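Order as written gives the chain letters A, B, C and D; numbering starts at 1 within each chain.
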Amino acid sequence: MTVLELDNVTGGYGETEILHGISLKVDPGEIVVIIGPNGAGKSTAMKSVFGLLNLHGGRVMLDDEDITNTPPEKVVRKGVCYVPQTGNIFPNLSVHENLEMGAYVRRDDFSGRLDDIYQIFPPLVEKRNQPAGTLSGGQRQMVAMGKALMLEPKILLLDEPSAGLSPKYRGEIFKVVRDINEAGTPILMVEQNAKQALGIADRGYILVDGQNRLDDTGKKLLANKEVAEMFLGGGSVPAKKTAARKTKPKARAKARGKSKQ
Amino acid sequence: MMKTFKQLALASTMLAVAGTAAFAAEIKVGSVAGVTGPIAELVVPIVAGRQLAADQINAAGGLLNGDTLTMVLADSQCDPKAGVDAGTKVVNVEQVVAIVGASCSGATNGMVQSVTIPAGVVAISDSATAPSITDLDDNDLVFRVAASDAYQGSALAQLAWNNGYRTLAMTYANDDYNAGLAGVFEVSFKALGGTITANQMHEPNKASYRSELSTLSGNGAEGLAIFAYYGGSGIAIMRNSLEAGLFEKFLAADGMFDQSVIDQIGADVLRENIMITQAASDYDDPSYLAFANAFEATGHSPQAPYAAHGYDATFLIALAIEKAGSTDRAAISAALREVANPPGVVIRPGEWAKAKAALAAGQDVNYEGAVGQNDFDDNGDVTGLFSVNVVGTDGKWTGDLIR
Amino acid sequence: MDQLYGYFLYGLSLLTFGGIYAMLTLGLNIQLGFTGLFNAGIAGFFVVGAYVSAILSTAESERHLGGFDWPIPASLVAAMLVSAVIGWAVARISIRLRADYLAIATLGIAEILRLTFKNETDLTNGARGVSYIPKPYENMPEPWNQILMAAVVLAIVAVLYFLLERARKSPWGRVMSAIRENEGSARAAGKDVDRLRVQAFVVGAAMMGLGGGMMAHYLKFIDPNAADPTTATFLVFVMLIVGGSGNNKGAILGAILMWTIWSATEIFTSMLPGDLAIRSAYVRVFLIGLMLQIMLQKFPDGLLPEKRLQSSDSR
Amino acid sequence: MIDFINFYLIPGIVLGSIYALGAIGITLTFGILRFANFAHGEMMTLGAYLTLTMMWLTGWHPLVLLPVAMVLLALVAVGVDQVFYRPFRNSPAVVVVIASFGLMLMIRSVTQFSWGAQLQAFVPGIQRPTIFFDVLRLQPKHIIIITSAIVLMGIVHYLLTHTRIGKAMRAMSDSPELARLTGIDTELVIKATWILGAATAAAAGVFLAFDSHVSTMMGFQILLPTFAAAIVGGIGRPYGAMAGGLLIGITEELSSYPWIGDVPLLSPGYKAGVSFAIMVAVLIWRPSGLFRGRVF
């Protein structure tokens, strides 16, 4: 049985099409990583699960339930949690309040889960009453993940969790991701740090220009020559050019804006 | 069902009445007033005063050959843009023969300079008091029954002096009416030998005036002269002064003259402590009483500022139309001074039938209105009478004419 | 016959008022429609233009600064220049603010400007206003004076329209709409976004100053009440939104149409008897508010929607 | 010195409390619905008139009727939101602001039509101050206004920090996008925002009327200083709005204090300009407000 499946999804923001037919799936207990050059539609693919863009075609399935174009607040209630790359915490709320907000849709007593989260992320304990916006980048990422985990989701979506972090924190985050997964939560993750990400991934997908290019197990992809050329050593220049040529100006601008962040 | 039927019946009757009315000739006079805008609360009784005159005239035989006098309301918003627009509408679309209004001096200035003077339509303002209207180059087309601030300012100064005030503080709202009045008052009071300890402009419509008043209260002034509309800032200033114990005695002009001042501040506090000049209502004068009784019956207070002026302005225009014997705009403007000034049979408010008869007999008439004699000078201004008003035992304003 | 002639003259007045408002809406269109600058301080530039042109063109008066006796065209140019300079100063300090913040800042600045003209009595005669402002062709016989007045106003609007259409289709205009559509990409493309925005703001302010000056000449009288935010700022917004933000023809249409509605509805409400006529003045304002709501909900792009130069999505 | 406290500082605090209550609603709508609500002033006015009408009917003290007025006004606000703001949830701020302007005109004309343009007062007559320690003059109504305002702000604080919906409101003010992703029912939060905004607006209107009088333009006349308070405090920061309100209220009064010599520092004609000047200065040099609100 598959937890989450994208079946030939096309779509984008408004009329601009960014995804030209993406298919991927996540099985129970897996860590699945999406990598690809800038503007390939990695984050967009993830957002398509969450009803954040217009899907022109294809289906999104969660546990055999069709959730295509379901608005985000409903997707959450179905047990999917998404941690965006930026703006993933409420900066003016305290750490503790952020975690409480993560459990907003829960009506039961979640104090036990709060304790669990503080155990997964011990640095948050002493910061619990501090506004989350005053924390360091790594700690914010912990708050964001902790907040998402409050729901004990069926699947966790992470958008570049290591972006902008120092190498030390980056390692820590990947470790936490694995810990979370080992505790039973399947994870779908977009990453720029292809090497580290594929290192912990069960399987990986490589997207280029809004389409599937390659998919295989993490290990095999790491060993793949093309992948190594594109992401592990060399630049991403050729892919970027193709992306730039085919997408419309707006999408290009978006892609550029993103790369600057 | 029955109810609907009755409504239908009523509506059709009304239609029928309207139908007949349309056949009888209708003479339109523009009624331009600041219905919306900063002095909205003052305008309601003024418009009612104008309407009362028209209603009385129509009830007593109408104009000329039984024609109906219709007042066409237009909103000048106290804004010269709206004043010009309102003037344009009543002059061109409604084809009025003359205009009563506009309310504020600014809107009046715009309306007469841009529209009515070029169009040759006579306008009588019932509440524009700015001295700048006096010296307009108006081909004798702009009149007003409200006395220029120049008169009232000096009347109030004289009154203060006669009542033993030697040092006063003063404050005025920064608008066209009050700023003008305050300026005249200051000069006149100083000329009499009085001292103004402090003179402070204020911005109307603020929530509190305590800090301004505190500044004014230094230097031992005997009282405070307030130049403001009662609604804009006048009541708030009196309330703040009394509550803070800064001033106990007040002098004010007719922008403050309203029953709501007494109602809101309290008669006991104000008795002996306030004097307000108001443009001319000698409460014993038969002209005033004739107006006051009729106006009270319509549910308005006859003491409301400029309501009597609205009545007089409308009545004067009607007399001028009757005198001119036609609806020709130029003839009306030419007749206006004749019906307002002596000599002639004295006509008082409500005496339309008498006036009509006298004019039909070829006699001269002289309107002695609710606000005084209403004799126009060369500039189309009236000297105006002023009354001094204090709070009476009945908790209402009582006035005496200043001679 | 008199009645028809009356309608004709009233029509001219609608065109004149509408045309003057069109100068304001065209100015706002450059700022809001083309560049996305939410300037809520139209009244401020209006009042500056009105007073500058009034004071420069009037004869000497003991009530206010004056006696320059400039010809009307010269004083209007001065009104535009002074408005532009003030617009430049305002833009310099506030152009980086986004949408709502810019709106509130400019609204506050406009009120400060209005208070200045109201309080500096020696210069402006304060609340009592400036009289005897010359009006173009006022000495011509009726109806020629009014026809020519309307013609002058409409001619200016036509010239502005022509220039703005040229500007809109020029590279400058394309960059402007690019900034509005996507500031990030415009910046990335190496455009000095802030400078271009300041330019748009200044040009718009100059046109608003021209509108204010024209209004002063038309009314022959100006006082601070004429710059009341309701009729000098918000009404202009309503006009532009109804006409079609981003479309110059729409801006002109909106101004003339909305002024006509604003003005002509009263002809009907004043037919009501007595107290109802007074109360209906409030109803009129209610209906205008309601109409704005309906326009916004049903025709958000206005009567003449913007013709976009680039194919791109609004969000 | 004592004059300074009696005639400048205390009025400043009273005025500031009223601004602060008004600014809470402005800052919440600005933060959560992301637009400057120009109709907020008319809501304050409507609150005062509703209270006045109930006073005519019952003869009770305005303070007793205030909770009822809050409920009524909250109903009005939620209804208005459904009809006039909901269609614009995804529209640019400019459009919503203009819609709120249209609404301002509509509510004002309804008020003028229903109650007339005449000035009204809650309690006729004047209230002499109570004198403390021989010099400190305090009017009972001012004590009532200041303490009620403090109590209300305390309640607002409690709601925002200790209730699920209050925290959700702050969360949505921080980041509406993330709030959606978190599963927060945004429509419910929006309703709560209108309710809280309307309740505080009713209080501001009633206190303003209690201090002076009821008029159809009263709310609009304090709208811009209230905006200034919200901005100075930092958008989306209810505590900032409270502090900003006090700051604006006090500075307005103090600007005409004779700091140098015995003439007012600034002509009171410019008093209204003071709050705008502070606001513009804050916008330009510290756009996040003195209390670090959100900038977008």
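We take it that a contact is a pair of C-beta atoms (placed from the backbone, for glycine too) under 8 Å apart; a residue touches a chain by one contact, two chains touch by 3 or more.
Being a predicted model, the structure only gives us computed values, none of them experimental.
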{"item": "Subassemblies held together by touching, chain C left out", "value": "one piece"}
{"item": "Most widely separated chain from chain C, with each centre as the mean of CA atoms", "value": "A"}
{"item": "Interchain centroid distance [CA atoms averaged], chain B/chain D, Å", "value": "37"}
{"item": "Length of the line joining the C-alpha centres of chain A and chain C, rounded to whole Å", "value": "50"}
{"item": "Chain centre separation in whole Å, for chain D relative to chain C (CA means)", "value": "31"}
{"item": "Separation of mean Cα positions, chain D and chain A [Å, integer]", "value": "42"}
{"item": "Residues within chain D bordering two or more other chains", "value": "112, 267, 269-270, 272"}
{"item": "Shared-contact residues (touching 2 or more other chains) in chain C", "value": "115, 118-119, 282, 285"}
{"item": "Multi-partner residues of chain A (at least 2 other chains)", "value": "none"}
{"item": "Interfacial residue positions of chain D with respect to chain B in the complex", "value": "3, 6-8, 11-12, 14-15, 18, 112, 116-119, 121, 124-129, 137, 139, 208, 211-213, 215-218, 221-222, 253-254, 256-258, 262-264, 267-272"}
{"item": "Complex contact set, residues of chain B against chain D", "value": "36, 38, 40-41, 43-44, 174, 200-203, 205-208, 210-215, 218, 230-231, 235-236, 239, 242-246, 260, 263-266, 269"}
{"item": "Touching residues on chain A, where the partner in the complex is chain D", "value": "50, 71-73, 76-77, 82, 84, 87-93, 97, 100-102, 104-105, 147, 151"}
{"item": "Residues of chain C touching chain D in the complex", "value": "32, 38, 93-94, 97-101, 103-105, 107-109, 111-112, 115-116, 118-119, 230, 234, 237-238, 241, 279, 282-286, 288-290, 292-293, 296-297, 300"}
{"item": "List of chain B residues in touch with chain C within their complex", "value": "35-38, 43-44, 47-48, 51, 72-75, 77-86, 88-89, 91-95, 104-107, 109-110, 113-114, 118-119, 130, 132, 136, 174-176, 179-180, 201, 203"}
